[in-house]
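Lettered A, B, C and D in written order, each chain numbered from 1.
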Amino acid sequence: MLITNEIIGNFLQTRQATEEICAPLTQEDYVVQPTVDVSPPKWHLGHTTWFFEEFVLKKFVEDYEEFDPQFSFLFNSYYESMGKRVLRTNRGNLTRPSVEEVYRYRDHVTNHVSEFLDDNLNEEIAKLITIGINHEQQHQELLFTDIKYILGNNPIFPHFSETFEENLIEKQKNKWIKIPEGTYEIGHATTDFCFDNELGKHKVFLHKYKISNKLVTNEEYLEFINDGGYSNFIYWHAEGWDWVQQNEIKCPLYWHKIDKEWHQYTFKGLKPLDMEAPVTHVSYYEAFAYAEWKGLKLPTEFEWEVAQDYFDWGKRWEWTESAYTPYPFYKKEPGALGEYNGKFMVNQKVLRGASVVTAKDHSRYTYRNFFHPHLRWQFTGIRLAKR
Amino acid sequence: MLITNEIIGNFLQTRQATEEICAPLTQEDYVVQPTVDVSPPKWHLGHTTWFFEEFVLKKFVEDYEEFDPQFSFLFNSYYESMGKRVLRTNRGNLTRPSVEEVYRYRDHVTNHVSEFLDDNLNEEIAKLITIGINHEQQHQELLFTDIKYILGNNPIFPHFSETFEENLIEKQKNKWIKIPEGTYEIGHATTDFCFDNELGKHKVFLHKYKISNKLVTNEEYLEFINDGGYSNFIYWHAEGWDWVQQNEIKCPLYWHKIDKEWHQYTFKGLKPLDMEAPVTHVSYYEAFAYAEWKGLKLPTEFEWEVAQDYFDWGKRWEWTESAYTPYPFYKKEPGALGEYNGKFMVNQKVLRGASVVTAKDHSRYTYRNFFHPHLRWQFTGIRLAKR
Amino acid sequence: MLITNEIIGNFLQTRQATEEICAPLTQEDYVVQPTVDVSPPKWHLGHTTWFFEEFVLKKFVEDYEEFDPQFSFLFNSYYESMGKRVLRTNRGNLTRPSVEEVYRYRDHVTNHVSEFLDDNLNEEIAKLITIGINHEQQHQELLFTDIKYILGNNPIFPHFSETFEENLIEKQKNKWIKIPEGTYEIGHATTDFCFDNELGKHKVFLHKYKISNKLVTNEEYLEFINDGGYSNFIYWHAEGWDWVQQNEIKCPLYWHKIDKEWHQYTFKGLKPLDMEAPVTHVSYYEAFAYAEWKGLKLPTEFEWEVAQDYFDWGKRWEWTESAYTPYPFYKKEPGALGEYNGKFMVNQKVLRGASVVTAKDHSRYTYRNFFHPHLRWQFTGIRLAKR
Amino acid sequence: MLITNEIIGNFLQTRQATEEICAPLTQEDYVVQPTVDVSPPKWHLGHTTWFFEEFVLKKFVEDYEEFDPQFSFLFNSYYESMGKRVLRTNRGNLTRPSVEEVYRYRDHVTNHVSEFLDDNLNEEIAKLITIGINHEQQHQELLFTDIKYILGNNPIFPHFSETFEENLIEKQKNKWIKIPEGTYEIGHATTDFCFDNELGKHKVFLHKYKISNKLVTNEEYLEFINDGGYSNFIYWHAEGWDWVQQNEIKCPLYWHKIDKEWHQYTFKGLKPLDMEAPVTHVSYYEAFAYAEWKGLKLPTEFEWEVAQDYFDWGKRWEWTESAYTPYPFYKKEPGALGEYNGKFMVNQKVLRGASVVTAKDHSRYTYRNFFHPHLRWQFTGIRLAKR
């Protein structure tokens, strides 16, 4: 049956892709957690495996023997309904199980799932596997960004890859795409996979607006810095201004001024700032302040979704003005999978698009990514809008 | 001229009303700040006065002599553009100037403004005075809630007033008001005073929904508690659940279980819980969890505004599902007054309605109040909705 | 009987002296607690009264009726054995009972104790009253230092007293008093009152040393500042250096450089720095760093006690190099009074002498005062020693 | 020349011993820092090497080329005079340089020092090398205790060594060794190596006392626990009691009650508590509280030193009542080595003796070890004394 092979193929390819991302790492790189939002690569490898063991093998495979009963405790993330878990802040202290053992755990689970799928694929299982694949793809992106944080905060700035180009140049001039007033449909409507937060196609009314065809570049952002943007409260939210002052923020994450010249840490190591590349690793606070300084604004997630057909996207996650709240017909999944999205719907901002490190086949124009407004370790950029 | 007298009358009445609120206080009650969100009553008296001195007298009255040049530093709140200010956390340490001196400051400014208005009232001045009145009315509400916090956290539970009845009984049975799908107009449209965050009348599309005609009562909320609502993560946002656990929250603020009987601290002192009164002093996290437990939801601010004509409101501020973000046509006021609203438009939730301690003439159905989701010292309640 | 009258006289005089210290305060000054080590004056008034009510009236007066049963909770300090108490950090939030009520509480207890003593004085009672007097004298000193902190951290620098002279000039030139090697007796040996930490006369061996006849003056300390003493780690303990950097310490507490001129806040308000006065309000860390910079050292408490006959003391508490640990024959008092001293014998430094705000009749050369090494709100100074 | 060979031999043997301690580690174990007082094993390997590179090779070897110029920044610990350093709290985030590279660094420096010594050994160099050896021996002990912490706080309790026996049984019955009153000599007096804090032989007077011939055992300590020792404030310092309550301390570090049976984590994994072994991993607060409960006391460091000839020691570091302050003739070494001891002489307690993981040839009866009173990750035990 075609569907079987395709699912199994996707599954195996996803499992392999995760491991390929980690190929350049040393054994030591797998272990640490330099800040609370970052997880050790070893943990990502284990957690994505735990997902399949917990929700597929332990549920559907008779007499399945866990690889190691302690792992269900070690690699649970935030699923309260699945029992105890290692506190997020302690993940970076676990030197055991070893990297090698975690890879054996991966093989064990990958093989058992693969065998199981050969004979037992049905719609319910296919749905679970698809969720597991998408879950693992999200962690692939986190692997990239967490590895960048681990290496990029090491004072000797190690290289990760000599070939990975994260700065996709943004050459086009700014044009304003005009969207007329009207009632538009929002949300996921096909039968393809999506997360529960995108579901419930519904209508929103939008007044006419204009949205830029391009992302803000490093060169443009530098003007904001040079104009004193980080030292004038007038452009900032009150909480953004506090954040700037308490953390002495003066530029995007990974920027360093060395001998009067701006540099940025990239997967290829420390490089002179690429003026034509889109600015990245900015917080929502910075994105908002930049827009204020320009006398413009950030689009809402609806303005973004309605206009997305008219511009290229995918180089950077794009901060929107929208808070992450439920769609009108939002319904939480029952059980543990219901903890995936709904419980985060407060105090976060929606990002739309995708980034250079988003897994292939893991982006769509209805995708709702979300982060707290001060976070910068993702590849986050700025698109402007106006009335 | 009629307008003159009316404005001057409103101004004088507002100034007097503020002082009447404070009449039952002892001199000591004016000074302290038991938590960062609460300000000492003395500070409210000074700050509302500073507003008129700073924005009216010092700007428009030639040769005006400040009552005391140090007060512009002491009683500035968060207006970055108006110079240095006492850090919010230190307000409760200022024993001088004395209460008596602050009242003299009030008289000085009230009299000078009043004299000035007699001869100089024009549209610009009228607008400023109106803002000042509305500003002071907001602080009247804060005076009530801050005084309640100061007295209600004293282990001897002092009475504030023998007559002030804060529990307005909610006797009606629940009925679901049905609102049909459609495009609705939102926002302030008359020439009456409003804050800048309400401005820019605009359209929103709403799918059909139902909204309750009444607030959730203490009796109903108690069922949630008795059903273990505070110990089951399933009803809570992840951040709400952290908040519950870190602060060991088990009931609304001011509730105390004494000899197996629930009591609540009120302006009249500690009283048995009034089962028919609307539940109050709940955080957004609690309001949301309650709605989840009921299988219902909180209305958005737009659902609230569109339906408000069909129910009574004003007994309690009502948490909505909406995050506090700018309306499509929002434009920040220029200058220091621009710091009034816009800079708080992140990480806060909108509340609609008004409470028992909102100043008369200070409520309207377009009013957008906002607080962080964990705060409870305001009179905050719950209205439910569903599709 | 003579002893009766003397004790009663001392008791009444002590009670009155406490109230005289507070005479210049406004009602608001009595309430606040600007930092954890400071207590509100109202609390000192209540706590010293609670001591007599708890340990004398409630123990020995049949049918004694407490002034208010809640006060035993409100005004307990750290006596774990006496039941629950208000957390130290919350003392500054208690606006009730009012200042006036606390004074009535004082009168009530003073009168009852006084009456009781008329007929019931015996040795046990006399001992308790004497402890209570000494306890209250300690709080008299704290009243002065806490009031100074409350007023001195108010940005408008209010005056406390036009006559209280805290800077007793140190005019004499430095001379080194030479003490020969030998075995010396240390500790309290008479039958006069002392605290348990001074008891157990015992011997210590001292190698020969020299100790200064005078305290370090502001002028001398200024040289240390001008020589970069606060920015060179070499003079500091590691913890002292952290303290300097985290708190951006650049001079003693209450010093302010205004228009290039050093000032100090005193009970008389902000005054130009008095160059001939002994430096005060320095931490142990600063005292030690100053000595290091001079190539000298601080005396141990034994070196101080043995030499004290040869110099004047009493203008400032003097930091010693000694840690606060028990004497060889130290025995904790049984019961609640045993919590007075012993439980603080870790992580604190001994200070010897007395200060300008120590109660008369409350100083003796065996007195062991103690504070954490970073504290500065007491009148603390520096005497140097060398081998 | 004999002295050369001996020094070189000691040097090479010390370098090798350090590496042998680490032999059972996985590569991942080398990297993490689960609490601020623990350093990653990789860091210890690098820092002990840095010491020789910085103070020997870079100072005395002409044209010496550093292994890597960045390492002098990475592996400096707290020597302020040697330039910038990685903050202690960030050591556990450095995945690079790799373990393998650090071992190459070790080889590089070991070889260069060894070659250098062949031709250049003189008294100054010998002294430096001896300090370096003793410094590395201290880190050998820290390697053991830090590794124990890293593995012992992993929820799967990995074994470190099947053979290392840390519990040396204490079989003898308690006897009281009586020491008569007198003046005794204290401190290091031979020409053998010692640290500067032991120097300056001097006299102390001791009143007669008794000291136990043995350490307190687990069995004896358990009686304290079973008698409610951890829940009765009366035995504790005020700061100790706060520490117990804030950290919910109920037993020594590494103890776990599993199915009503006490276990302790050891290098061999989780084992039933050995009742005859001396209690270990207790804080000074616990040692003091235990002594209070017994109606006894801890010896001072002088009482310990004078009596040490009469009992066996070396199984555990022994908390004393003495605070870590300078000896009368203490003189800080000039230069960076002066930062070794003196700057820590505040807020710490002296421990005497040695532990099962102290390097051979690294213990002597004048040795002054010191830690903050709350720390427990060292092998710390209790010896009792009385008058």
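Points worth noting:
Basically, a contact is a pair of C-beta atoms (placed from the backbone, for glycine too) under 8 Å apart; a residue touches a chain by one contact, two chains touch by 3 or more.
Just so it is clear, the model here is predicted, and its values are computed rather than measured.
Under the contact definition, chain C and chain D share no contacting chain.
Taken together, chain B and chain C share no touching chain. Using the mean of the Cα atoms as each chain's centre, the chain most removed from chain A is C.
Averaged C-alpha coordinates put the centre of chain A at 45 Å from the centre of chain D.
Centroids built from CA atoms put chain C at 58 Å from chain A.
One simple way to say how far apart two chains are is to compare their mean CA positions; for chain A and chain B this gives 37 Å.
Residues of chain B in contact with at least two other chains: none. Across the whole structure, chains are in contact as follows: A-B, A-D, B-C, C-D. Per the touch definition, chain D reaches chain C in the complex via residues 78, 80-81, 183, 202-205, 207, 209, 233-234, 236-241, 284-285, 288, 297, 321-323, 325-326, 328-329, 343-347, 349, 373, 387.
The touching residues of chain D, when paired with chain A in their complex, are 26-34, 42, 70, 73-74, 86, 90, 92-99, 150-151, 153-156, 158.
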